[in-house]
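Here subunit A shows up in two complexes: once beside subunit B, once beside subunit C.
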Partner chain A sequence: MKTNLFSYNSILFTLIIILISTITIWKLPQTQNGYTHIGIAVYDMDDTFINDYVTKLQNKIDRSSFSGKKVLYEIFDAEGNANRQEHQLQYMYTQNFDALLINLVTPSSAASVLNETANHDIPVILFNREADKKDLSISKQTWYVGTAAKKAGAIQADMLQNVWNTDKINLDRNKNNKLDYILIEGEQTHFDAVRRTNGFLENSQNLPLNQLTNLSADWQRNLASVKFSKLDTSIIQSAEAIICNNDDMALGVYDYYKQHNLKLPLILGINNSPEMNQKIQAGEIYGTVDNGTSDQISYICKLLNDILNKDTAKYHKIWYSKPFAIEK
Partner chain B sequence: MNNKKLSIRVLFPLIMSISIVFCILSCMILFSHYISTYLVRKTIEETSRQKNVLAQNIENEIDSINSIMNNIYYNTIKKYDIQDKNFKTILANEITSNSETIYGLALYDTDGKNLWHSNNLTSTSMQNESWFTQAKDNIETICYGSKKLVYPDNVKQVFQISRYVEYINHGKMKSGVLLMQYYTDSIDAILEHYKNTQNSYCYLLDNTSNFLYHPFIKEISSGLYKENTTKIALNSTNYSIKKLHGTKWLIERQQIGYTGWNIVLVSSLFNIHTENMGIYYVIWLLLLIVGIILVFTDILLFHDFTNPVYQLLDTMQEFGKGNYEVKAAENGIGELKTLSAHFNIMAEKLQNQMGEIRRNEREKRKMEKKLLQSQINPHFLYNTLDSIIWMIQSGEYKGAEQMVSSLAKFFRISLSQGKDIIPLEKELEHATSYLAIQNIRFKDKFEFSVQADKKLLHYLCPKLSIQPLLENAIYHGMEGVYDDGEITISVYEKDNLIHIDVSDNGLGMPEKVVEYIMHNRVVSSKRGSGIGVRNVDERIKLIYGEQYGVTIESELDEGTTATIIIPKLEETAEINSDESNKTKL
Partner chain C sequence: MKNNKKKYALVIILILFIAFFSSQCMMTRTNTESKKTVAVILPYTYNKENSRILDAIRDYSHNNSIILDVWHEKSLSSNELSSIIANEEQNHAIGILLIYPENYLTQQEKHYDYNNVLAITATMQTAFSHYAAFENSPSPSYLLPVSAQVIKKIQDGKTNCIYIKNTYKLGYESIQMLDTYSRNKYMKDISIPCHKVDKAAIESGELDALLTN
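Right after this comes the complex of A and B.
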C-alpha cells in the first residue's frame, strides 16, 4: 500500500512538473537576441536617387548602434512594381520586424499598408514618397521623412531669377524679352513633383516666363532624353532654360544636347547627385538643389533609435529636410 | 453501525455525485463562455474581413476616379494652352465618353473665376466652396468634397471632386482648381452589396463625419432614426464593442485611403447568440448526458465496492453468532475479494482450532470417565471382604459363598473386558449383585426387587449406570429406615425409550439435596463405587445426547425415584455408534 501511494505520488509529481515546464516554455518570451531587425521596402533600386539614398542609409545604419544592439536589415526591392511590393509587404508583416522603412511604389495605397501595420502593431517610417496626411493618421506608429519639395522648387525659381537679373543677355537668346523654358516634371501625381513645380511656379511670378512645353519623364534619365528628343526641333531650338524636377532628368536632357552637339541651355535639377555636381563644377550645367539627404538619413536613424526605445512622443508625423541651392 | 452505513453507502456516492455535478456545471459555464467568446471573435473577424473587402472596393473605385481626374489633368489641362482649340474639344470629349460616371467638369483660377465649364454647369464663382479652398490648400492630392444633389427629379447625387492644377494661358503657367462632379452610384453600389438590416449594416462617413452613405439616410433625415455609433466608431482604433439600447453592438471602422473617409460596420452581437443557440443546447445536452452517466456509474461502482463489504459483514455477524459453517462469498474487486478470501481462510482455521479444542475436551472427559469407572472405591472391596471374613468366622458359609459369588459377578461386570457399554441384562446383574452384597452387609435391612421387561434386556446401557443410583438409594433413602426398606429396579419401555427406575421408600430428599446431587460431583458413600449420580447423567448425555440422562423425583416421607432414560440401542448398533463416535472424534 505504501509503495502504491508512493508511485501514485511520483506519477502525480511528474505530471505536475511536465505541466509547469510546458506552461513556462509556452509563456516564456522568445529568447532575446542582440539584434534589431528592420525591413526596408524600396520602390526601385534602379532609380539612381533611391539607390544612392539607400546606400547612404545602409552605411549610416551599419555605423550606428541602436541602444547597444546591432541592426540587421533586409532590403526588399519592388523594382517599381506595386504588386511585387504588396507581396513583399505581406511577407514583412509576418517576419517580426522591429520596424519597417517603407518607400512606397504607390503612395495612394498607403492606407491599406498602414491599416495592416497598425493591426500588426509595427512602427513604420515612410520615406521619399510621401503619402496623404489623412492616411498617415491611420496608424499612430507612422512617420514620414522627406524633403521640403516646394522649397526646392522655389530655390530653382530663385536661381533662375538670379540669372535673369544678372545675365539676361546670355539667357534671352532670341531677345524676345521672355524666358522661354521647358518644364520636365517627375512622376505624375508624385507629391514632390507637384510641390517642386508649384514652388517654382509660385516663386517665379516676377519672371517673364514663357513655357514652351512641359513633359513628364518619371524621374528617369533615359525617358527624359527620349521624350525630349520627340519634341519639335523648333521648341528645342528656342528653349533658353530647362527646369527639371530632378537631376536624372536634367542629365537626360544634357545627354540629348551632347548627342546632338547642341549648345546647352540653362539646366536646373534637384537632388545634387554626384554626376550632376560634377557637371556643375565643370560649368556645363547651371545648378541643382540639394535636398539634405544626409539630414534625412540622420533623422531616420535618430527616429529609428527612439522607436526601438519607445520614445517617440516628441516626433511629429512628418519631417522635412531643408533643401539648399548648389551652383558653381 | 447505522451511522457508518450511512456514511459509506450514501455519503461517498453523494460526495462524488456532487463533485460530478459541480464539474459538469463548471464545464457548462466554461463551454458557454468559450463558445460565446469564440462566436464574438468569429463575428469580429468576419466583420473585419467584410470591412476590408468593402474598404478595398471603395479604394479601388477611388483609384479609378483618381486616374480619371489625373488623366484629364495631365493629358489635357497641363498639355494644352486653354486658348488652344484642342483644349475645349478634348475636355468635352472626355465628359461625353465618361457621361455615365461624370456629371460635369469645370476649371477655375485661384480666385474662383470660372475659366471653362461643361454644359450642365454654370460659370458662377466658386471661391467660397469648401472643395475649392481644400484643393487650393492641398496641392498634391485630389480632394473629395461633399455630396451634391444634381438631378432633383431623379435623386442623383454627385461627389464634388477637386484638384489643384496648373494650366497654361498664353504660354504662362498658372495655378487653378479643377472640379469634377462624379456620380455617387458606383460607391453606393459597393456599400449596398452589404446586407443592410437593422441588426447589421454599414455606412460611410466623410472626413467631417457627415454621412456619405447610410442605408437609413431617409429615416435619419426625417428624424425617424438616429445613428449613435458615429462617435464611438471614430474614437476606436479598429473595433469596439459597446452596449447600446440594451444589446451589445460590434462597431468596426476603417479609414479609406486617400479620402479620409471612414467606413463603419455595425452589427448586433445579440443575434449571434440567438442564432447559435443550437450549439449551446447540443453541448449542454451532451454534458448533461455525460454527467448522468457519470453519476450512475459512480453509484453502481460504489454499490459494487460496498456490497461485498456488507456481505462480508453479514457473514462475520453470522460467524460471531456461532454459525461456523458460513463462508463469505468471494466476489468484489481486487482487495475486497482478497479480504473475503482471507476471512474465509481465517474462519476455517478458527473452525479447525475449535474442533480440535472440542476433540481435546471430549478426550479429556473420556479419560476422566475411564478413570472414574476404574475408580471403584477400594473401601467397598475392603468392607465386603471384611463382611465375608466375619461371615466365615461366624460359620455362615452359605452367606459368605453367596457374597463371594456376588462380588465376583460384580467385578466381572465392572470390568466387562474394558467395554463402556454393556447389555442391560449384564448391568442389571451387576446391580443385583451389588444389592445382594449390600443387603448382606446391612443385614437385610431392606428388601429389593427387580422388574424388567424381558424384551428390553438385550438393549445396551452404559456400564455402571444403575449402581450409583442404588448407592444413592441405600445411603440416602435407607438412612433411618429399619427392616422395611424397599428398593425397586424397574425397566420398562415408554415412548420408545428405555426407562430404568430406581425407587426407594425412604425419607425422600429435599429439593436442595436433589439439586446438589445432580450438579455436584458427589458420591453417596465413601464405601461405594465412588461414582456420583451426576457422573452417570453426564456419561449418558455424552454417549446418547442431551435429551437423555438421569432425573430424580423425590418426595419427603414417600421415597425417591431416580430414572435413567436411554434410547433403544442394540449390540450391533453399539459397534456402529462406537465407530461413528470414533470417526467423529
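Right after this comes the complex of A and C.
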C-alpha cells in the first residue's frame, strides 16, 4: 500500500515537473534579429531613372529612423528579366523581411506576387511600375506609389504648345504650319507608357500635330538610338520635335543626332535624370517632366515607418506624386 | 475505488496538458530559431559586378536556413568596422562577409585580425586573417555575367579567348566557408582559378551554365 502510494506520488511529481518545464520553454522569449529588414526588388538597375531612384531611396532610408531600430536593406536587381525577379522574390518570401518594396519587371504578374506576399504576411509597397488596381486589393497590406503618368504626358503637350505659341518661326522649320514630330514610347504593355502617350495626345488637340512615325524602345537609351537610326532619313530630317516617354530614350535620340552632326530638333523627355537636366540647362535639349521622385521617396519612407508601427489605416492604396515641367 | 479513479483522471489531465503545451512549443519555435545569421558588408553604390556574388550568397542562404544582415557602407574606419562586428556578434551572427572592402575601408594599411571575418577582395588579401579572391589571370578577363557581344566575338573568331572570373563560385564558397566555420571553428583562404573560354569551349557546351545570364 505504502509502496503504491509512493509510486503514484513519484509519477505525479514527475509529470508536474515536465508540465512546468514545458510551459517555461514555451514562454521563453525567442531569439529575435535586432534589425529591421527591408527588401528592395528592382526591375533593372541599368535603367538610369531607377538607378537614381534607388540611390535616393537608400540615402533617405539611411537618414530616417524606423521604430528605433536600425534598418538593413537588400537590393535585388532583376536586370530586366522576369524569371530572375521571380527567383529573387522566392528567396525574399522566406528571409523574414519586415516589408518589401517591389518594382515589378512584369506588372501584369502582380497578382501572383501579391498572393505570395499575402500568404507570407509581408507588407508590400509596389513602386514606379503600376499594376492593375484590382491586383492591389488582394491583400490589405499592399500599396502602390508612382506618378500620375497621364499628367506627365499632358505637361509635355503644354510645353510643346508654349513653344509653338512663342517660337513657331524656329519650330516649324519646313513652314508647313504643322508640327512634324516623332513619338518614342516605352514598353508597349506598360501602363505608364500608354498613359503618358495618351496624356500627350489628348492634351495636344489644339496643336497642328503631324506624327511622322512612332516607335517603341523599351525605355532604353541604346535601343532608342538604334531604332531611330533605322528610320527613313527623310523622316529624321523632317522631324521638328521628338516626344519621348522617358529621358533615357530622349538621350538615345540626342546621341543619334550628335553622332551624325545633325541639327537637334526639339526633344522632350520625362524623368528629369541628372544628365537630361544638365543638357537642358546647357540649352541642347528643350525640356523634360520631373516625376516628383523626391516626394515619392519621402512618402515611401513615411509609409514604411507606419507599416512597421502597424499604423496604416489612413493610407490609400494608390498614391501619385505631382509631375512638373523642367525647362531651361 | 473512487479515489483510484480520481488519481487516474489527474494523471491523464496532466499528460494532456503536457501534450498541448509541447505542441504549442513546437509550432511557435520551428521557424525562427532554426535560422542562422550572416552579416554582409557591401559597398554603398550598387555595382553589377557584385551581382553574381550576391546571387550565390542568397542561393546558399536560402538552402541552408541563413538570414542575411546586409550593410551598405560609403566609408568605414577600423573602429566603425569593429563596432559593426561587435553588434552582429551580439545579434548572434555566425560570421561576417566583407565584399570588396577596398571600396569602403578607409584604413587599408591596417591588419584586421578577426577569426569570424572573411573578406572577398582583389587588393587587400594581406590585410585580413582570411580572404577569398581570384587567382591571377591573363587578359582579357571578365567577371560574370559575360555579355552576349563578347561571346559572339569569340564565336566569330574576332577574339581568341577570354578568361572568366566565376563570381558566383566566389560568393558561394565564401558563405559556405563561414557556415562551416560556425560548426567547426576552422576557416581557410579561398582562391578561385579563372576559366579559359575559347571557341572550342563554347561550342562544346561545357560552359553553358557559366555563360547563361
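Just so we're on the same page, the second predicted complex is superposed on the first by the 296 of 328 C-alpha atoms of A that agree within 3 Å, B and C clash if a C-alpha of one lies under 4 Å from a C-alpha of the other, contacts with A are read in each partner's own complex, and residues count from 1 in each chain.
Assume a residue touches a chain if its C-beta (ideal position, glycine included) is under 8 Å from a C-beta of that chain, and two chains touch if they have at least 3 such contacts.
Just so you know, these numbers come straight off a predicted model, no measurement behind them.
Contacts of A:Ile75 after superposition: subunit C is touched, whereas subunit B is not reached.
Touch criterion not met for A:Ile17: it reaches neither subunit B nor subunit C. Of the two partner chains, subunit C is the only one touched by A:Tyr91; subunit B is not.
With both structures placed on the common chain, the touch criterion links A:Asn210 to subunit B but leaves subunit C unconnected.
Look at A:Asp135: by the touch rule set out above, it reaches subunit B but stays clear of subunit C.
In the superposition on chain A, contact of A:Gln188 is made with subunit B only, not with subunit C.
After overlaying the two complexes on the shared chain, residue contacts for A:Gly34 are found with subunit C alone; subunit B is out of touch. Look at A:Asn115: by the touch rule set out above, it reaches subunit B but stays clear of subunit C. Annotation: subunit A has no residue touching subunit B in one complex and subunit C in the other. Of all the residues in subunit C, the ones that touch subunit A in their complex are 7, 10-11, 14-15, 17-18, 21-22, 24-25, 28-29, 32-33, 35, 37, 44-46, 48, 51, 58-59, 61-62, 67-72, 87, 90-92, 213.
On the subunit B side of its complex with subunit A, the touching residues are 55-56, 59, 63, 66, 70, 74, 78-79, 139-141, 164, 166, 168, 171-175, 207, 237-238, 254-260.
Every residue of subunit A that touches subunit B in the complex is listed here, in rising order: 108-112, 115, 118-119, 130, 132, 134-135, 137-138, 178, 183, 188-189, 191, 194-195, 197-198, 201-202, 209-212, 214, 216.
Against subunit C, the residues of subunit A that register as touching in their complex are 8, 11-12, 15-16, 18-19, 22-23, 25-26, 30-35, 37, 45-46, 51, 54-55, 58, 62, 72-75, 77, 79, 81, 88, 90-91, 94-96.
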